[in-house]
């Protein structure tokens, strides 16, 4: 195999493999001797050092792997890759209120939940399940919150209409609010 | 399966009666718009008989098509009756094969498209994506409900909502029920007795829309955490909620 | 942001994202205008065409994604990465009907195929290549099925317009109907 092709093959292998690959394994797959694999990998690592490249070759767990450059973590972080961790109950309750009463301010959410929800709201914003949508024309001009496309994806909903019709909820919520106001102890 | 099934090796498998008919037509290079119906019927029936003799499973549709073919064949033999009806000249010339031809042409079109998709699939499988790393980048592939689609759940949910009567809403003193509390209640109900709840039963105590919503969100969350699962025996049947087997510690992260 | 850095960031983003990223999303993350993102992506795609490179930039499902080059499939295949099984004929036929006639009910699919397709449909739903999209306003209120974003990704299609144009088939059908059966295979 020519060096240029070997380099291409190694890149493809490192790219597609979920786990680090040892030089021996790479040599076995490419049917090239280990020394040559190491040589080409070293050249490859040098190329990746160029600041127009976004990934680098690391040696981990007895093998080689491609990773994004730490200096670019800020941007990669903005991708906000979905996490496996489920939402906390506080976040879930806050989300339910936003989903059915949107657009809604933080004070209004806290009024319903009876507790502060800064942390829950921060989580929901970070996970892009809700977003700010302008400000309410009220004292202090508080932010209004609405759900996002990601919210629908997270719950596997096609659109907000997949939830019970919002008018019904608004009406119900309005009635509830009247009730709450009168009967709260 | 009978011993005869050893012979099945040579028997081509067809996706359905239309697939078999197309095969017969293509194989003999027949004109799809002028199918020699007697000949095709004979061959078709021979194939169906073979399947039966070999004791192979055969979709009921094969028999339906056999009947259709025989009917067309019979109508082709009859003199055109429409002359007596006087029911328009156009209708007189209606070919008994027309509907079958239309279906065959349409099916053939989609078979060709399926082949194109197959080519695309094969081509695309030559390229590999990057497999996300195990360290926290894993994209969760959450399938919301096992056996019941979320849409079915939501539809059921809507029905419950519609059944909530407005007069109740007015008089209700809103209790502060949270999703967490409701999740616990549902789990308690499941653990206490039946081990199974109907979807409708789940909402029995709810009197306001907000309560219904909270119950529904609690259910969604329990499903998502893998603590309960839903089942629907037949389409539009009752949705039942079960404790998921060993799913308790499932959802923490 | 300088062009070289933008290139690095885009590479890092495309590398770490599990799914295709649209130019708009990339622009949003990098805070650079969409046109510049597109320009740099084009340059990047050209660089990747070099035969010392093992990956390429594809446009799929409304976004951009990195994949290994098809010409290297033999080597990457030796990694024995877990892959989904190719679709059965029944599933492909069912999928073709959904792709071209969406939204479509199961009865409509079965009418065309001439056989039941519960199993094929269940497979397609489980693999998220199709999804339910509401119900048809018809007796029994049957579910309507449409293809998903994963469908485009699975077949490497940019969007639905990327499918072999159905007009070709309509035209072919029209020719057939006129009855010139000569060039038919």
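Going in written order, the chains are labelled A, B and C, and every chain counts its residues from 1.
Please note the rule applied: a residue touches a chain if its C-beta (ideal position, glycine included) is under 8 Å from a C-beta of that chain, and two chains touch if they have at least 3 such contacts.
Note that the structure is a prediction, hence the values are computed from the model and not measured.
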When contacts are scored as defined above, which chain pair ends up with more C-beta pairs, A-B or B-C? B-C
Centre-most chain [mean C-alpha coordinates]: C
So the centre of each chain is just the mean of its C-alpha atoms; given that, what is the distance between chain B and chain C in Å? 22
Express in whole angstrom the distance between the two chain centres, defined as the mean CA positions of chain A and chain B. 33
Numbers and ranges of chain C residues touching at least 2 other chains: 15-16, 18, 66, 68-69, 76, 81, 134
List, in ascending order, every residue of chain B touching at least 2 other chains. 128-132, 137, 139, 151
For the complex, which residues does chain A have touching chain B? 12, 15-19, 65, 81-87, 89, 92-93, 96, 100, 114, 155-158, 162-164, 168-169, 172-173, 175-176, 179-180, 183
Give the list of chain C residues in touch with chain B in this complex. 15-16, 18-19, 56, 58, 65-70, 73, 76, 81, 83, 86-87, 89-90, 92-93, 95-97, 99-100, 112-116, 125-126, 132, 134-135, 140, 143, 154-157, 163-164, 166, 169, 172-173, 176-177, 179, 181, 184-185
In their shared complex, at which residues does chain C touch chain A? 4-5, 7-13, 15-18, 21, 29-30, 51-55, 66, 68-69, 72, 75-76, 78-79, 81, 131, 133-134
Could you please specify the touching residues of chain B with respect to chain A in the complex? 128-134, 136-140, 142, 144, 150-151, 154, 157-158, 161, 169-170, 172-174, 176, 178-180, 183, 208-210, 213-214, 217, 220-221, 224-225, 251-253
In the complex with chain C, residue positions of chain B that touch it: 15-19, 26, 31-33, 59, 61, 65, 103, 105-107, 109-118, 120-132, 137, 139, 143, 149, 151, 155, 236
